[in-house]
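You will see chain A twice below: alongside chain B first, and alongside chain C after that.
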Partner chain A sequence: MAENFERHSDISAADLARLTQEAQAEATPSTAKIIWSEFKADKPAMAALIIIVGFILFVMIGALFINTPKMMETNIMGYFNQPFTADYWLGADSAGRSVAKQLIVGSRNSIGIAIGLTVISSTFGICWGLISGYFNGYIDWGMQRIYDFMMMLPMTMMIIVLVTIIPHYNSVTLTFIFSIFYWEGTSRLIRSRTLAESEKDYVAASKASGTSHWKIIFREIMPNISSLIIVDCTLSFAENIGVETGLSYLGFGLPSQTPSLGTMIANANDPNNITQYWWTWLPAALEIIILCLSISYVGQVLRRAADASQRQGALD
Partner chain B sequence: MWKTILRRFLIMIPEVIILSILVFLLAKAMPGDPFTGSINPKADPAQIHHLMKINGLYDPWYQQYWNWVVHLFHGNLGNSYQYQEPVTRLIGSRAANTLWLALFTMILTYVFALPMGVYAGRHEGKLPDTVIRVYTYVTYCIPFFVILVIGIWIFGYVLGWFPTTGSISSDATGWLHTLGSRFYHILLPGLLGALFGTVNIVQYLRSEVIDSKHSDYVRTARSKGVPSKDIYRHHIFRNSLLPIAAFAGYSITGLLNGSIFTETVFSYPGMGLLFVNSISYRDYTVITALVLIYGILNLIGTLLSDIILSIVDPRIRIQ
Partner chain C sequence: MSLIEIKDLKVHYPIRSGFWNRVTDSVRAVDGVSFNIEAGETYGLVGESGSGKSTTGKSVVGLEKVTSGSIMYKGLDITKAENRRKLDYNHDVQMIFQDSLSSLNPRKRIEDIIAEPLRNFEHLNKDDEKLRVLQLLNIVGLDADALYKYPHQFSGGQRQRIGVARAVATNPKLIIADEPVSALDLSVQAQVLNFMKKIQREFGISYLFISHDLGVVRHMCNNIAIMNRGRLVEIGTRDDIYNHPLHIYTKRLLAAIPETDVNAREAHRASRLAVEAVYREQQSKYYDEHGEAYPLVQVTPTHAVALPQNVAQQLARQEGEVQA
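Up next, the complex of A and B:
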């Protein structure tokens, strides 16, 4: 292409290089750059980001070195071992199982499910919102009625009922069951933005020049609302941690032999545990709080980065 | 406007029908049958067969569904296997507890949220606004059940200020004492629910106040010499009150969904705890009835909010 250009253009190579440089300097900075400068400007956000990434890496790698079935074996010698001892950094629960190890494996499971749930439900919600918003009219009407119906269902109850009906379930099935009920928020947000976006000139121009609907939706509208999608995914990730842990807490999430942050907090259901043996449940509760706050804080920063009028980071 | 309300009602009918079909099919998919528990293990299989046949359990599902709906309209939801009493009576005794708690939480939520929203909007960008924003953000992010557990630990067990189980103490006599004891039992869950559920109302009210600060009627009031305090209290707050009231319907649905957690943590004998217990006892008639009731209550809540909003905000009406 460059050769072709040289043959047909009377701009010299030096000029071309200079012009390119100028254009690049004036162009809007890339999304990644904006987000990065936003994080650099906001120290707490940077701290939150480091906490999240470091923690997720730590539990993902740490869990690999822990033999889960062996860890979940009852060890009567460690019955309610006090925390901060050499063998048990965070003490042990009623079956003498190390709380610290359970916390690592449990975090891995809970975070893994939350990530899976975010990926599945957000993908579905984004597609739903894009299609519903773009094909205004009967399709939108029908999809909105399905949306209304889903909103009416008592979510927690439906999930619990489904979990009881399905005889053998593991974390993958569980993630899919959760996903059935958690796409609505995303779809609603994406739909309203898509409605506004489809009114714009570039969509009309694209339609007029005969671009297919799918290409307009996924190659033209979706990239234009990508910042919104990133923000929404982060925020729903924080929410989804609460979803799995909440149901595991009630006893309808992961089975009891698979540790999760929720099943660990469920130790608090025993009045003895909650008062005397605080180390069996409090670390998990604090961990959820810190994780959720940090992730949502990162989400807030991303939201700021997406909205030019709120940015704090200085570019150039 | 009546058109909107009527249309909203008409849409509701198929929703209820589909919900009932869904609930019915889920109940069918659950293991066991309605005679589990009422028959002793020595019962003759042929006899069970006969019972199933008489009760129409071999009919096609739409026939069974129809029978179920007819029973439903007669107020007959079957018998609870665990408690051996009609489901309607069982739920009736628990529903009051749940609704009582939900209502109390909702009132408290408004009591906390309204002043905060107006105050944050009035002092937009200043310190109080920042504090309130951080507060709503923190309360919104933390999963509610974690707050409940930590709340009951600190205030129920460590400090011992509040009761940790039940809806009424066993030695309460006389109506005043009974009422007081009931109130005492819902105080902590209500307070926690209210303190951690203000985010929607505060944010809405805040942006509403900020919007109306620069509107013409406020400028008129100012130029008339109305004191600033009265402008916020009488002019702006009044105007924002109706859409805020419309949130009540949505918050009912949120509270009902949360009731499963609240009642489990506080061992509070309401519908949520009944549901969790029934699941562990596989008491299917109760489960089905509760899912249906919660679904219909959700529907009514959203309906109420939509109608109020369509009265208040004409933009929603145009469709």
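Up next, the complex of A and C:
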């Protein structure tokens, strides 16, 4: 069998190293290189990436040096302290707690929840959509009925009820509760593309080459819908920051002793705070706007890198 | 014994309708097809679009769910998935697709595409695998620098040759070529077909060559089956089909081959019109009351046609053939 190929081709083992080298010289650049050159071609996106990475690193590391219980203690001397003073860089709220410190710890909590929620719900939603769309038939039917049932549940109300029932919850349990309800949109989106993708000839070719179903789903089809997955993940990350923030704002998110971007924006519930004590809520609101905008910029670059016809980078 | 024996193959797709979404009828894409493929030969399967030839081909590779009938390979019926697994069936039977672009995964490098069947069936070590891929590229006339490129960086003819390389990778016994050149221009068609013939000589592969282009089929095939509306209407050797066609459908297909002889243009046109006139007038003679083809009857040892016995014999006499 192997001899058969040796006989009819003038390539032998001796040429292997040389030919590999030749091929590598002509190789198409790797995905990581393409993404990097896309970032270099788009300055605002590069700035957005630096903002996101820098900010996340800053709050993650910064929060380690802050003693949260002590920070959250009421300090009557700091009642609505003005910002830009030595003790309170960004002022203090009605309990005299430093807004700057709360912002750091709160960002850590909110971003942590958003990342956790995006990872869990997107992974689950992508797997659900891929499997449902690929196998089709009865499996698809069953999985879609479960999906329909989950869609039917009133999400916000269910979360509020769950949060009320569970006695001691923290950011980890909250992430899991959110994850139960946030995979559906992703799964339906992925399923529709998978349905179209699994009809294509390369899937038939893989089946004819003896590749297993799971390998076809995750190694053949998934890379082909990766641009959709990337865009969906970045958008849902931006959205998920809002999920926690929204619920905390309503008072059903994190407990009031755990600072988060939502509890800080909730300061704006009070008309007095809106007009006079703007420093209690404005930094958190600005932070969310800047973060979400930056994330969508980065998402656009990733999408362009995944789609050769939209690229702006110098590499071909 | 033949390499593959297809017996009474049927592929029907259900049509659902009504309030309860019940199966009310079926599309008979393939309706009782039987033929054998011998080792080392090229078997042509010809017919118009929608005649069921691709479905037949896909059933033979195991990509289509078969309604009834059997496909025997090494004494086992490979329409059942467990028999395909037991035999490592796709190690021996591979496929070349019509659309070279969509049949290559756009996100995979050429090395990974060609190595896919090798990884599933042969489990070579890394260097041997790369060497085999390089040899395959060399056999289909591509350079080694194709190794780490993506499918969209190649021309249509090159891509089809990559598809051929992938199909040949495990040294199979049969390759289903589903209109492998119909998407290519004429010069590239010849190039790919010659590569396929060269590979057949060197590796002793059989082809099931599916096409609607009788000119290409004549160049490639020893035995030919003509398919129409899900059934075979005529089976024979190349000589039987091209020089002594009996069924009106075969005659129409042959009349449709374009001729480049400008001086005889009027004569060709007249002969085409004559065939068409016969088809219009005598349709009832060639098809049964439901408009379907009759069962095949043997006219000579190699030649069979789907006509009632008496009509077939009468036509065969007219053609001056020896009776079976």
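Everything that follows uses one rule, which is that the second predicted complex is superposed on the first by the 283 of 316 C-alpha atoms of A that agree within 3 Å, B and C clash if a C-alpha of one lies under 4 Å from a C-alpha of the other, contacts with A are read in each partner's own complex, and residues count from 1 in each chain.
Keep this in mind: a contact is a pair of C-beta atoms (placed from the backbone, for glycine too) under 8 Å apart; a residue touches a chain by one contact, two chains touch by 3 or more.
On a predicted model such as this, the values are computed, not experimentally measured, just so you know.
K.L.:
Just checking: does A:157 make contact with chain B only, chain C only, both, or neither of them? Give me first, second, both or neither.
P.N.:
first
K.L.:
Could you tell me if A:11 is touching chain B, chain C, both of them or neither one (first, second, both, neither)?
P.N.:
second
K.L.:
Kindly classify A:249 by the partners it touches after superposition: chain B alone (first), chain C alone (second), both, or neither?
P.N.:
first
K.L.:
Kindly classify A:53 by the partners it touches after superposition: chain B alone (first), chain C alone (second), both, or neither?
P.N.:
Once the two structures are laid over each other on A, A:53 reaches no partner at all.
K.L.:
In the overlay, answer first, second, both or neither for which of chain B and chain C A:207 touches.
P.N.:
second
K.L.:
After superposition on the shared chain, which partner residues are touched by A:238: those of chain B (first), chain C (second), both, or neither?
P.N.:
first
K.L.:
Give the list of chain B residues in touch with chain A in this complex.
P.N.:
Touching chain A from chain B are residues 11, 15, 18-19, 26, 29-31, 137-138, 140-146, 149-150, 152-153, 157-158, 164, 256-257, 260-261, 264-265, 275-276, 279-280, 282, 287, 290-291, 294-295, 298-299, 302.
K.L.:
Which chain C residues qualify as touching chain A in the complex?
P.N.:
Counting only chain C, the residues touching chain A are 58, 61-63, 88, 90-91, 94-95, 97-99, 102-109, 116-117, 120-121, 127-128, 130-132, 134-136, 138-139, 144-150, 152-153, 163, 166, 171, 202-203.
K.L.:
Hey, which residues of chain A end up touching chain B in the complex?
P.N.:
Result: residues 145, 148-149, 151-158, 160-162, 164-165, 238, 241-242, 245-246, 249-252, 265, 268-269, 271, 274-275, 278, 281-282, 285, 288-289, 292-293, 296, 300 of chain A touch chain B.
K.L.:
State the interface residues of chain A toward chain C in the complex, per the touch definition above.
P.N.:
So the residues of chain A in touch with chain C come to 1-2, 4-13, 15-16, 19-20, 22-28, 200-202, 204-211, 220, 223-224, 226, 308.
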